Structure formats: structure tokens, C-alpha cells
């Protein structure tokens, strides 16, 4: 099952789960439409050819959806009943934080072995160096900003570019370094507008240079538009534009990194279930597959790499 | 000189102008920053190596800018003086409508031979089948919508995607056909909201299908956000999202089509000047290079291909 | 049916044929595996959802194959019988020269209405300005050469890059102009090795510059490796490399141009059949859909654009 | 200085070295053309704008070249003299194994502080989890194989695709997993042709399936062509093709991963020199910057990830 926001590489993970299950002489079933689909019995058996030629595709062939019903005891009881009726012994959930919380309840209330695979572009899951989809999303954002730099540079403009990341600045931070941006604003660090303005006064000159400021969706002082407006009020001579990259960051063919990661974690998820594990997320830490209890990954917060934060400014000077 | 909004392929055109000039034993100069740069004498000689390795790059190495001053008689007099001081005998302007209007005044008031090369992503120039940058911009929009389709399809969502085109629906129309969109809304055709809603009722089902509506920036009834809101009010069950592609459409490495077109038109521009032509835009019509008087290209409006409009609906059913 | 070598955009054409047929209240069937599949009855009905989400994919969902059997009277009789058994009244063949020749026999011997849609990356079909797949193939070749230029330039190397085109230099010629190559060698023009060597002596210096020569697969004097060797013998100081782009040029997501062209021609093919046409290829000439008798497109040869040939040298100097 | 084969991300590393040097109030110089350029005094000062807008470009603005002369004591003496004449106190070499060996001699004979930054697509450097250019090269190979899969699948063909890696199978192994290849052949593991044939007999059927075998350049039993021929002899019914990806894997715009890695390592190189380090390579291990003595990185060999090797077969079944 895939659950929550879709991420590039989810299909590679589905393929790995199915193929590894078959390799271990298990049967594999796909649940369509996340927890809601599970409740409604949208379940079909998957053979090896059902997952052929999907490793390179964005989105998820199993689709995803929100489920209000699964948040109720009754909803989860219906879900458990569906699994029983289809003689499904164990479940792999590919998704994020919220999906794993749902899984925890299902385990506690119905003793169903569930393991999780981290699939979200935001990379905001504790216990894994990288989530499936993150590398691709940053590549997509970087390619988009490269294009914006062409036009920024042609017109000596200052662009505020908003990238995804409602709660975390992972995408923003790497995008900023990788595009040579002048500054980056993330939810984890309070925005110092005065400092930003002083910095821009030194680094950006509407007569002969351009500038890029990367703003994470969840930046706390109001987001790209608000900040751009404040800067514009103080500097009416600046040629300012705002661009919100939006949903393009969720789609697209996964990068090799995400495909390999998804293949490893999907295979490890089946291995873990065969080994009687449950209530864990499979993660990758220092190149090793790790088992992270759902409890831990849900409660803890992953921090930005502190060495990367100052690098943006050092390299833009 | 490049002028107006930048477009992918402008660098290929600059290269073609410079190399063809040198091939004909002329000297070549680049004017930096459009008409404003001309007025301020931002002029440097360009040798063959100055335009090496730029054919594949977006933006414009000559930069571009608006000039209020050039709209005055005095400004144009200063521009003419700069040309005289640099012993420049003729001028190639790569840009759009507004740039050619400026050129016309320069010709009338100072008898300077100027020819134009159509460089704009919008394709809204009469007298040429295609403008430099248009093919690339549509490819960029199509690739972005392909990504959005991944996520639309994973969540059964209805997306309204806004593409560039303030006055013309060229980008929107081709993007719609090339992405298999359900509908397209363009400035040239009045939006019939009731018809759109009926169509969506038949074609989009939030339980099991997704949908894409392409909206040109210049759509007359309010744009992507307004229309999305109206549809949402009538159909609160729809899972609607809006995405504005924005400035990414201006940048990026030009497609082969735009590079070849730019090479042909840039070379033809120099040929035309050597042949004592002036006040014309170089265009391509039915694979032939054509000379289009500035007057004509400024006054007339290019129409959408009428055969493409109905195709969107036929192929989405 | 798709037949012959696959080309990007074939899926877009299949989608257009199916959807237009359904729009006209006809049933649509897919024949899998070209003429051989037809003979063996590999035929399945296609509904609108069978062609959903394929417009952006390379290859062909209907697959393709050679058929020795179809070249015999008996083979074609079996093919005709299969069509009769499946109550198929008319056939659209998406492919090239050879596919249309086969279609001609089927029409003559069994009076089955067949029309053709030009699908081949080589662009070597008389009667249409462009074939489906050509634009994408050139874009793919150009992107590959852009990458090779990075490394050529870093090491001051001279690269001979072989692109597809067994009988025609269309891909080679546009690739050469679009990448700013020093020279292009095509089957249509006899290679003058002495002239090439003199040119390279002037333009390439292993101490401080790099060079790219684009060679079409079907070049007559021996191809990229042979020519590279001859040049190397005369100039042992040159740092020469050969790269054969190969099959990557056949695949990949089609460009917007090929998707729109395929959509137009696929729709026009159904329209033509509804209008009692047969034994014609649908083509595009000067932006208009045209009907080209199979006879004509098979017998005649399309020529290279004579204006583009000298442009390579003018712009590389 | 960049040295050895070029790799995507070298420009990002150059930028990071220059900008970090300036940030620390040092002057920065670029040495053009590797060790040979150093010997010949091809040295120019670099300001912050000289490295603007290069982070996204493939190749290396400092170029690279082999130097026979630098392998001699006399050559290195001339190199040291050039550094002295230009008052250059310390050197950053971006390259691979061979480049670091050269650096070691320079340090030993002339006591010049040199540190290394690992720049090579092959990833075959001990002491760092990843080398600059490796991620991009794998992405390029994967995108190429995706395209080849389109055509393989359309024609039920078996492709042997050769990727770079003269001494190491890193690129091959990740490419194989990321493309869902049937098998991978690398220099580190002896090719068992009988096993491969048995495997293909089970997994590939020229009537209805396709297959991809990834072969590293340095595979020991003869490479892609030889193996393809042997398989073809035993299975004349197979529809076999060979594709050598070649030099496209060296070029192209670097991925976000390589740009960030290059930025980190380039900055760390300057930090290390300021901290009086020498004769070390900067590497990244488990997300931490590490100092690896040249001695170690030159002597030791990095191994393939043993968990990835069996994954190819498990997931292809």
C-alpha cells in the first residue's frame, strides 16, 4: 500500500516488495487507494508482470488517498477484516509520518504485522538518512531554478522561489546550495529580514547582477510572497519576481538514487516481515539498512545538516 | 541586441548573427541590456570565440531590459549617436512586437538599417510560423504537466495548470494536446464555464479518475485560480489543485528546433542587411525564410490553428 | 498497428486513432506485433482507458516486429482472414516505407481499406514535412552531443559522433547545426576527406580547442570509425574519440512536437477512413494535413533542406 | 586544478574552492590544463565572478590533460617553480587516483601543501562514500537505458548495454538495479557465462519479453560485444543488440547530489589547507567530511556494496 502524498520511487518500492515476496514464495497483493481503499476492499493480487516496467515511473500505481474513516476504531476494524478476508498476513505501508501512525493503531488493535517504508519527498522522517522521493524532488527543484536563473540573469532580477517543505527545509537547503542561491529561508531557522536585506544590498544590484532566494513552503514569517513584498517595499528599485514551483516537485521519473533506495528498502521490508518484525520503519543510515521502531520515527524530528546551512552564504559571496 | 522578455534560443541567434557577419568579413558588436544599453553605450566587439559554446544555453548573454528612455525622441537620438560613435552600420534586434516598434522609430528618425529576428516564447508574432523559444517553452510546459499528471493520477485530482501567454493561447493549446489534457482555456476563445462544468461532470470522477485543464495566463474570465474556485464552489467533492508554471517556461536549454530556427534566422538577418534590406522581420513560413515588413508583423495578429482547437476535446473523450 | 522500427510518438498516434474512432462511434482494435501479430491473430479491442496515460511514453504499446510471412501471398491471405474474423473494416498502419509497401499489397489483394501514419525517427518519407519521432530523436541526439561537448572541451578533443540514419542525413544535419558542430557527413553528399582534413586543420587545434563532427550511420565512405581512423593516421597529434549514439535515439518520452503531430495524424487517419479513403499516407505539409498516395511516398525520396547544408560550415567558422 | 578524466560537478568544486578562499581573505588562482598546464604556467587569478553561473555546467572550466612530463623529476621541479613564481602557497587538485599520486611526489620533493578533492565518475576511490560526478553519471546511464528499454520492449529484444567503469562496477551495479535490468556483469566478479545463459533462458523469451544486461567497460571476459556474441551463438533465435553508452556519461549538468557534494568538499579543501593539512583527500563518509591520507586512498580499493549485488537477480525474477 502507498499512503499519504505520492513521491517518485514509490513504484520502485512496490516492485521491490512484490518481487521479493514472490522470490520468497509468498503471494503479493496490492491495496489501491491507501487506507481508504483497504477499508473498501480495493485489493488485487499482483504477479511479477504487474510490476514490470514501472520502476522508472513517477506517481504510484496503487494510488493514494486520505481516509477519515481509518482514524476511527470502526474504520480500522473494517480494514483488519478486509485483510483477514483476503488472507493477507502482513502489510507493507509506503508513506510518511501519518501513514505510520495509522499503522501503529492497526498493529495495536488487531495484531497485524505491519512494516513501513519511508516514501515522501520532504525527507522529514527520523531514522533514515533519506526518504524515497527526496533526491528526485531536489533534482526537479534544482532544474527548475536553473531555468529561472537563465531569465533572472538576462534581466538582472531578484527571484524568490518557493519550494516544497511544509515542516522542513531539507529540499530548500539542498536546492539553495545546488543552484548557488544567495540565501535560503527554512522553517527550522527564524527568518531575520533585516539581515536578509543587508545581505541583498551587498550582493544584488539591479543594474548588473541577479539573485535567487530559496524559500521553503513552511517558512514561518509568511512565505515567499510576503517576504518578497517586504523587500520590495524597502527597495522599490529591485526587479523582484516570485515563483512557486508547486506540484511538479512531486512527480517525474525517479532518480537512480531513489530507485536504488526504494529497491533496497522494499526488499528489506519483506525480509523484515519474513523475520517476524513489525511496527518498524525500514531506513538507511550510513549505507546500512536499519530497523526503526514506528514510535521513534513518529516522535523524533530529523534535523537539518548543520554544516550545510552556513555553506549557502559562504559560497554566494 | 536582444530585447524584451528573454527566450531560449536567443543565444543561438546571437551566435548565428556574429558568425555570419564574420564569414562575410564584417565586424560584429554586441549591445548589452537592450535599447537602454544601446543608449548608455554598453557595446562590445564580439569575436567568434565570444559566441562559442553558447548555442545550448538559455537566457541571453547580451541581457535584456526595458527602456522608458528609448520611447522618447531624445532617447532614440542618443541611441543613434552611440551607433554612429561605434561605427555600427546596421542593427539586428532579436525580440518581439515591442522591440520591432522601437526599431521602426529608429529607422524613421535616423535612417539606420535595422532588421528583426522573432525571439519570444509566446509565438504571437504575425509573419512567422514559429518564434524562437516557443518550441522549447512548450516542451518545458509539457514536461512539467507530465510530472503533475503523476500526482494528479495518484490522488484522483483535478488540476488547473496555468501556462504563459498573456495575449495568446499558443503555448496553452499545444501543451493541452501534448499532455492529453481534458480542456484548454485561451484568451482567443471566450470561456464557457457551464460547458466546462458539464464536460468535467462527464469526464472527471474524484473516485477513480484525474483531470488536467490547461489555462493560458491571459484567459479572459479571471485565470486559473478564479475558474478553479468557481468549479470548486459548484463541486465541493472535487479534489482540485492549481499550479502556475511561471518563469521556468522562459529558461532552459533550447530544443533542437529552436536552435536550428535561431541559426537560420540569425544568418538570414545578416544576409538581409548585406542585401540592403531594412525594417523587416525575418520569419519562417512553410519552411522558407521570409521577409516580413515590421509594419505588417506589428499590425496583424496571428491566429491559433483552428484544426487544433477541437482536437483537445475529441482526444480526451 | 505499429510496424517497423519503433519511434517516440507512436503511442500518441495509437491513442489518437482509438479516441477518434470512439468519438465517431466506431470500435477500435489493437493489433499486437505488427504484420506478424496480425497473421497470428494477436488482436484485442481497445477502449478509451486502454490508451490513457500513454501519450508521454516512448516505444509502442502495440509492439512491433518483422514478418517474413507477410511478404508472401499466403501470409497476407491469413492476415486478411484475421481481419475478417474480427470484423475489422479498416486498418491504420503506423510505420515507415516498408510498412506501407506491405499495406499496398493487402489493399490490392484483399480490398481492405488501409491508411498509413508516418512513424519513423529517420524522417525519410516523401510527402510529409516531418515524421513522428524525428523531432524527439534529434532532441535526444542533441542532448547527447551537448554532454559529449562538455568532455571534448575539457580535454581539447576531436569527436566523431555517429547518429542514426541509414539512408538519410536528416538527423545528422539538424544535430550538427543544433550543436554547433564543425562538420556533418551524410549519405546524400559524398564525403570529401581532403576537404574535411583541411577544414579541421584550420578549425581544430589539439592544444586549445575541441571539435565535433557528426556522421550519419549511412555515410558512404565507411562511417565514423573509418573516417576517424583516416584522420588519425594523417594527424597523430589529434586527440580523437568516436562515439556511436545508437539505440537511445529510438526511445524516450516524445517531444511536444511529436505528440501533437501524432495526435493530428492519428485523428486524420480515422477521418480519412470514415471518408472512404484508402492507400494513402497522412502527412503534414506546410502545417496542413495532406493525403499522399502510398505509391508516391514509396517511390519518391525526400531531400535534405539545401539551405541547411552550408549553414553548418558558415556558423562553425 | 582539475586533473584526469573530467566529471560533472568539477565546476561546482572549483567554485567552492574559489569562493571559500575569498571568504577567508585568500587569493585564488586557476591552473588550466592539469599538471601540464601547471608546468607551462597556464595560471590565472580567479575572482568571485569568474566562477559565477558555472555550478550547473558539466566539464571543467579549468580543462584537464595528461602530462608525461609531470611524471619526471624535472617536470615536477618546473611545476614547483611555477607555483613559486605565482606566489601560490597551496594547491587543491580535483581528480582521481593518478592525480593524487602526482600530488604526493610534488609534496615530497618540494614540500608544497596539496590536498585532493575526489572528482571522477567511476567512484573507485577509497575513503569516500561517493566521488564527484558518480551520481550524475549513473543518472545519465539510467536515463539512457530507460530509452533503450522502450525500444527493447517494443521489439522483444535482448540488449547488452556497456556502461563506463574500467576497473570498477559501481556505475554498472547501480544502473542495473535502477533500470530493473535482468543481469549485471562487473570487473569485480568473474562472469559465469553458463549461469547467465541459464538465467536468460528462464527470463527472456524473444516471443514476448525483453531483457537488459548491464556490462561494465572493464568486465573481464571480453566486454559487451564478446558476451553478446557468445550468447547469440548459443541462441540464434534471440534478437540481440549491443549498445555502448560511451562518453555521454562524462558530461551533462551535475545532479543536485554532485553539486552539493562538490560544494562541501571544495569548501572543506580550503578549510583543510588553512588548518595546515596536506597530502590528504577530502572525502565524505556517513555524511561527515573526512580527511583521508593520499597514501591510503591510493593503496586501498573500494569494494562494491555486497548487499546490492544479489538484489539485481532477486528483483528481476
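To keep things simple, chains are lettered A, B, C and D as they appear, and every chain counts its residues starting from 1.
To be clear about the criterion, a contact is a pair of C-beta atoms (placed from the backbone, for glycine too) under 8 Å apart; a residue touches a chain by one contact, two chains touch by 3 or more.
Remember, it's a predicted structure, so these values are computed and weren't measured experimentally.
Engineer: From the mean C-alpha coordinate of chain A to that of chain D, what's the distance rounded to whole Å?
Structural biologist: That gives a centre separation of 28 Å.
Engineer: Which integer distance in Å separates the CA centroid of chain A from that of chain B?
Structural biologist: So the centroids are 34 Å from each other.
Engineer: With chain centres defined as C-alpha means, what is the inter-centre distance between chain B and chain D in Å?
Structural biologist: 39
Engineer: Considering chain C alone, which of its residues make contact with at least two other chains?
Structural biologist: 146, 149, 153
Engineer: Chain adjacency by touch: line, ring, star, complete or other shape?
Structural biologist: ring
Engineer: Taking the top-of-page definition of touch, could you list the pairs of chains it picks out?
Structural biologist: All touching pairs, sorted by chain label, are A-B, A-D, B-C, C-D.
Engineer: Where on chain C does chain D make contact in their complex?
Structural biologist: Interface residues on the chain C side: 2, 5-6, 8, 57-60, 63-65, 140, 144, 146-151, 153-156, 159, 241, 243-252.
Engineer: Inside the complex, what are the residues of chain C that reach chain B?
Structural biologist: Touching chain B from chain C are residues 15-16, 19-20, 22-23, 48, 52-53, 55-56, 129, 135, 138-139, 141-143, 146, 149, 153, 174-175, 177-180, 253, 255-257, 259-260, 263-264, 267, 286-287, 289, 305, 307-308, 311, 314-317.
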